[in-house]
Amino acid sequence: MEVFKRRTFLITVLLLLIFAGNTLASDGNGVDTGITAWMLTSTALVLLMIPGLAMFYGGLVRTKNVLGTMMHSFAAMGIMTVLWVIFGYGMCFGPNTLGGWFGWSNDLLFLRGIDTEVNNGVPDYVFSMFQGKFAIITPALIAGAFAERVSFKGYAIFIALWGILVYNPLCHWVWAEDGFLFNMGANGAIDFAGGTVVHISAGISGLVAAIYLGARRGYPKTSMPPSNLVLTMIGAGLLWVGWFGFNAGSSVNSGLDTAQALTATQAAAAAGAITWMIIESFHQGKATALGFASGILAGLVAVTPAAGVVQPSGALALGVIAASLCYIAILIKNKLGYDDSLDAFGVHGVGGITGAIMLSFFIRKSWMIEAASLTESGTWTIMQQLGVQVAAVLISIVYAAVLTLIIMIVVDKTIGFRSPAKNEMQGLDASYHGEHGYGMLNAS
Amino acid sequence: MEVFKRRTFLITVLLLLIFAGNTLASDGNGVDTGITAWMLTSTALVLLMIPGLAMFYGGLVRTKNVLGTMMHSFAAMGIMTVLWVIFGYGMCFGPNTLGGWFGWSNDLLFLRGIDTEVNNGVPDYVFSMFQGKFAIITPALIAGAFAERVSFKGYAIFIALWGILVYNPLCHWVWAEDGFLFNMGANGAIDFAGGTVVHISAGISGLVAAIYLGARRGYPKTSMPPSNLVLTMIGAGLLWVGWFGFNAGSSVNSGLDTAQALTATQAAAAAGAITWMIIESFHQGKATALGFASGILAGLVAVTPAAGVVQPSGALALGVIAASLCYIAILIKNKLGYDDSLDAFGVHGVGGITGAIMLSFFIRKSWMIEAASLTESGTWTIMQQLGVQVAAVLISIVYAAVLTLIIMIVVDKTIGFRSPAKNEMQGLDASYHGEHGYGMLNAS
Amino acid sequence: MEVFKRRTFLITVLLLLIFAGNTLASDGNGVDTGITAWMLTSTALVLLMIPGLAMFYGGLVRTKNVLGTMMHSFAAMGIMTVLWVIFGYGMCFGPNTLGGWFGWSNDLLFLRGIDTEVNNGVPDYVFSMFQGKFAIITPALIAGAFAERVSFKGYAIFIALWGILVYNPLCHWVWAEDGFLFNMGANGAIDFAGGTVVHISAGISGLVAAIYLGARRGYPKTSMPPSNLVLTMIGAGLLWVGWFGFNAGSSVNSGLDTAQALTATQAAAAAGAITWMIIESFHQGKATALGFASGILAGLVAVTPAAGVVQPSGALALGVIAASLCYIAILIKNKLGYDDSLDAFGVHGVGGITGAIMLSFFIRKSWMIEAASLTESGTWTIMQQLGVQVAAVLISIVYAAVLTLIIMIVVDKTIGFRSPAKNEMQGLDASYHGEHGYGMLNAS
Amino acid sequence: MKLITAIIRETKLDEVREALIENEITRITVIRVSGHGQQTREHIYRGKRIVPGLIPKVKLEIAVNDDFVDITVNTIINSARTNENGEVGDGKIFITPMEECIRIRTGERGGKAI
Amino acid sequence: MKLITAIIRETKLDEVREALIENEITRITVIRVSGHGQQTREHIYRGKRIVPGLIPKVKLEIAVNDDFVDITVNTIINSARTNENGEVGDGKIFITPMEECIRIRTGERGGKAI
Amino acid sequence: MKLITAIIRETKLDEVREALIENEITRITVIRVSGHGQQTREHIYRGKRIVPGLIPKVKLEIAVNDDFVDITVNTIINSARTNENGEVGDGKIFITPMEECIRIRTGERGGKAI
């Protein structure tokens, strides 16, 4: 969503043209049907990532937990959407409240105020729905860190609180026009499609939660092999496809910057995948499918904040670096012994941090020139931007970690979060949902 | 497709502008590339619903019937498409024939007449293909009612006849400019994306078929547990994504009304899912994944007729109401004892009726004002619209029920519809397709 | 991509209008947001075909090879993308080099030269990414021919070389403005979306590879039943959906020709599916799900080169013819005894040849008139075009066959291509990836 | 006590179970297996009838007291057979000795635990 | 030598395995099965509790030397039982005679191969 | 008559079946199982080699007449072993007595029904 500021001038010119009233692409409400078409599509693509994530995670857990794990993603679709419509959008994109902690506007309750609003050629509803998908996927990502060991009720309450107290403020800071990170440095902290807001916040929160909740019974002694890597691979495929909406949609355009974001996304995903494949081949003698998928994710995560500012060569580099660092991070985790079940921190946390910081070295020249033109001194260096990036990353980390810990404790002490041992052994599916995933396994 | 009438004025203005010839978005044929882009996308999204439905239904049946059940969806893709291209589109959108029973125009045979036609900025071909997907999914929905017990040949003939005699006329009445339901009341019966045409007609036809064919062997004594709820969940996910095309595409635009439809769709689906989840938690102590998915569907079905006229709060309400009523309807079914195998009536029939009628209470003010302006008296009340809605619903119910019964009897008495007991016990896959779905279950 | 030439005049006119600067749809860079939106979507849809293909193929192999087979598709996503970004795009769409063998331009290395380029309203990046997906799927298709018996390392090297030496040159000849097949005859060899470049080249290369590598151990004595036809069906569904991007996206437009391509695609797929279903019903007494899916593919493959020039009736005819010929081809294969594991040649080779040649008889009149207008004599007959088509097909066949054989031999003799017997018996998943696909099959 | 093991066609499972239940043999354990015997024709794969090397079968395991052996075996034979005369692939029944049977819930042993 | 076959609840597998391992019975073979016995209530399907005809169970097969029979059986009974008193559906244990046991790796036979 | 039960590596199934068929032992039933024994290293999971608690195995059940026991057992041992000397995880063979064998199709009993 970086695009807003950069396009200000352009948009002013365009708006003049629109209201000159002589174009078809406007349908009389100032709508650009082309941009709107791509934003609608992007919204669908990002929604597709939720079942994609459900499959990715669902395939990695043990058979008895597959539905429970998928429900972590699906429940987020339900809960976060309803909250978003009622007041979440307002908290993210309303004007600063409580000193800028989050946004608010009564007018945005139930999205009432935007029923016929159009901005920059796109109906506000579309922007709101597009953004709402990010509010769904972020808590769903966290669930990977404590997979296979939480109560469904506890989870449902947790993500509701987390969305309100962690996601919405962060989103406001980074993407709202009056958010303080949006206005840091010359031209803002760069977070094109959610490196800090989505991946770092989810990764760090997952880490905190995994440590707070403790490991799964038997971990790490008992191995817990994936129940369905085929499902995981399909999930990875859908995530890649959906990420086009995630990143290219974040341009809120259907133009050059959209194309640049799409290209960077594709390049980084591929580079990440190949890097992981090669590392694993040398390290373990075999290139696993899960490794390939993990590399895809590492690349995609790293390019998320960067997609608007890096060229293809930079995107390739980010993919390579992120996959390498995530690979190492997971090896270290295995040493440290905490149980981040599906590596939410190892991939999203590490990949997000890598991307948000390393992007500084691959920024497109034109962006730097524009940034410089916005400073008083007329100069702006990579190191200065690096400082802004590091600051934004640290702020996200600290905020997400502290708030998550508080929410965890509250939920765990009141209604309970961690599964009782009996339920964990029975599996989430039987304990919390009264079902099991693969009936076909048993003759009947 | 509600949009047509409302936009008439606007379009006239725009057309003038187009033919002024000074815009890029027109490619010289009067095409609006933006709207066309979204309609092409919507067509793809609605097509995606067919495999989505195949997965949703396929996961709910027993292992031995999974391919047969998926083939009910896939066969519809083949059969209905071919019929649609040859004469189905003409029956739906050609001018009134036989007193308005359906449409017809020799010019539309094989879609010959629309090779280079463009209307409202969208090539007729695109509109035709978008609409054709609805003609595919409707009979495929019915199949849920008599899953696991019909012969494939009987099914193939049945859907062909049903499409011709039930779907095409209904579609003509509701969506063709000279359809009688399109012109009922002040501003037509409201059926934005197919509450009556698709869901009510499918649900009622399913009910009639389920009762006529009788229950599956052993029902309800023997339980028939779902063979693959993971598959069902993925299917539900794809259905949700595809429904964006279904509803938002039905605006035949890429503008404000599209955005409104998309938002209503998202809100209703989420509200339906959460409602079902909560009800089931209280009623059964556990929130099932299938319940969540059923709630998604209930919400989506209910908002289908309403997506063009309700605001987000209304959509949330519709989701809540529909999920509650569908839940109750299925409980009642269990009491009554007829065997609607996968609850085609319980979800699509009940949800569709709920949406088509209840939407009257949540109509956007601007719509009511416009409707009033179209009457002679200049007034139009919610109760009047309610009357129109109820009338449209009843007409659909009666027509679909009677015709379906006749078709059932004819097919059953001639080539046979209901599976012989032996085939039913063997399973559809072995009996009718000479295959089985999950080879991996057996070592080999 | 046929569209380029035909639209030259139109585009000139439009470009004048664009630079007149009075339209919104242009965002000031000459971008048509509508066309760009559809091209972005098409790119996502074609990417979706890769997991779709992974599922389609993955379901057909034995349980022990499912991940290895899916990795054939996924690895192509990684490897071909990286090569494409570095120099593949340049080889395809750079200016003629080495007498037109392929294209080249240092400026296109790492896509550097097109960072802000826009052509015909679409950013070059988008066109490049769209095209890049074709370079991914083509080698992935070949993998079907030698499924279940090659080393992963050998495969990875093979597709890299094959992409460079076979795909890139062919693509250049057919789709680059200075490609020699692009300029053959009056108006070029017709290959709208890749009949020769994608399907014939993949099919023939697969055939050569299958024969060179020899049959799987035990073939044809031991039967090797599909491990997951449910997966295969879902894959077929996703392929159909993705093919809308493949074909309709190849118009590089969002207008009438796009609509025509979409319609032809839908009609041919349905006709192919039904044809196969009917043939199999008569020949074997049962209509298999796999047969239906194969028919879908046969129809889609055949319409690929033709989608820009045939009307719906022609598309139906192509679907019927292609499905029949593919059915026969596979019967003959069973007699001949070579082991094209998943019928890459039987479907893509035969279907592609059928489409590329038979389309001559169904060309839209307007195209023939335009072609005639481009000749000196002012006439152009179906037979003349047929000659051009046959020539293009033969050139593709010979080139692909010879080069593939050379690459096979080189790879096999150096690092090894064919799996050693032990690995083949163990299965690809255990041997090359250290994993197995369906952990859930075993209690744990 | 005997352990009766029957390998039957997948598609016969419902029929056999119904027949057993009618004869009051309700306790049973069912397992998916694959088998190779004399059976040869089965599936269709792209227009060709194929003979899977291993054909999916279902195995029933029924622990019975000695006086129930005959009725169990006869019921299975009658219900698992294809048509009157049977067809290759109908399956086998194996009878093995069983020394002890224990109900986990109660710890009961022997004949009454079956 | 005996072959001990236990049919237990799927959800008890972890517990039973942990208990067996604690008692040094580590070699074991596990199989997914479905069973029908006296158990009746289980799953929820669209707001209704349903009784699957065949309920997923897990079967353990453990070959043991004669002096290990008791400890194995007792361990299973204790760990596979629901609560103190057990619940319908907890399962069965069958003990059958075994004549020979062979370790494929070494060709060893008899008690030491177990 | 004996019932020979062999638990082998999944990846050895093809080889063992080929060997058995060569020795004219063609009737066989195959079951997916998981096992725990002495075997320890197997899969790779995100850059780490992991030891699944239960390793997928394949179980063969072969009913044979007494004079076929030796050849069957030897064939399995030779074909299921990894390399010359075997490796931990190669599996086990159990031999149990069998009292009766019945061919469902014909009702034949005893040795000729095997």
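Going in written order, the chains are labelled A, B, C, D, E and F, and every chain counts its residues from 1.
Criterion: a residue touches a chain if its C-beta (ideal position, glycine included) is under 8 Å from a C-beta of that chain, and two chains touch if they have at least 3 such contacts.
Nothing here was measured: the structure is a model prediction, and the numbers come from that model.
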Chains touching both subunit C and subunit D: A, B, E, F
Chain whose mean Cα position lies farthest from subunit D: A
Chain whose mean Cα position lies farthest from subunit F: B
Subunit D and subunit E: spacing of chain centres that average the CA atoms, whole Å: 20
Subunit C and subunit E: spacing of chain centres that average the CA atoms, whole Å: 52
Whole-Å gap between the CA centroids of subunit A and subunit C: 33
Where subunit D touches two or more other chains, by residue: 10, 30-34, 43-45, 52-54, 96-97
Shared-contact residues (touching 2 or more other chains) in subunit A: 22-25, 32-35, 37-38, 41, 66, 225-226, 228, 284, 286, 288, 290, 433-439, 441-444
Graph class of chain-chain contacts, one of line, ring, star, complete, other: complete
Residues of subunit B that touch subunit F when the two form their complex: 442-444
Residues of subunit C touching subunit B in the complex: 10, 13-14, 17-18, 20, 22-26, 32-35, 37-38, 41, 45, 62-63, 66, 121, 225-230, 233-234, 236-238, 240-241, 244-245, 248, 253-256, 258-260, 262-263, 266-267, 269-271, 273-274, 277, 281, 284-290, 292-293, 295-296, 311-313, 316, 364, 437-438, 441
Interface residues, subunit D side, partner subunit F - complex: 2, 6-8, 31-38, 53-54, 57, 59, 73, 76-77, 80-82, 85-97
Residues of subunit C defined as touching subunit F within the complex: 64, 217-218, 425-427, 430, 433-436, 439, 441-444
Contact set on subunit D toward subunit B in their complex: 10-12, 14-15, 18, 32-34, 42-45, 52-54, 56
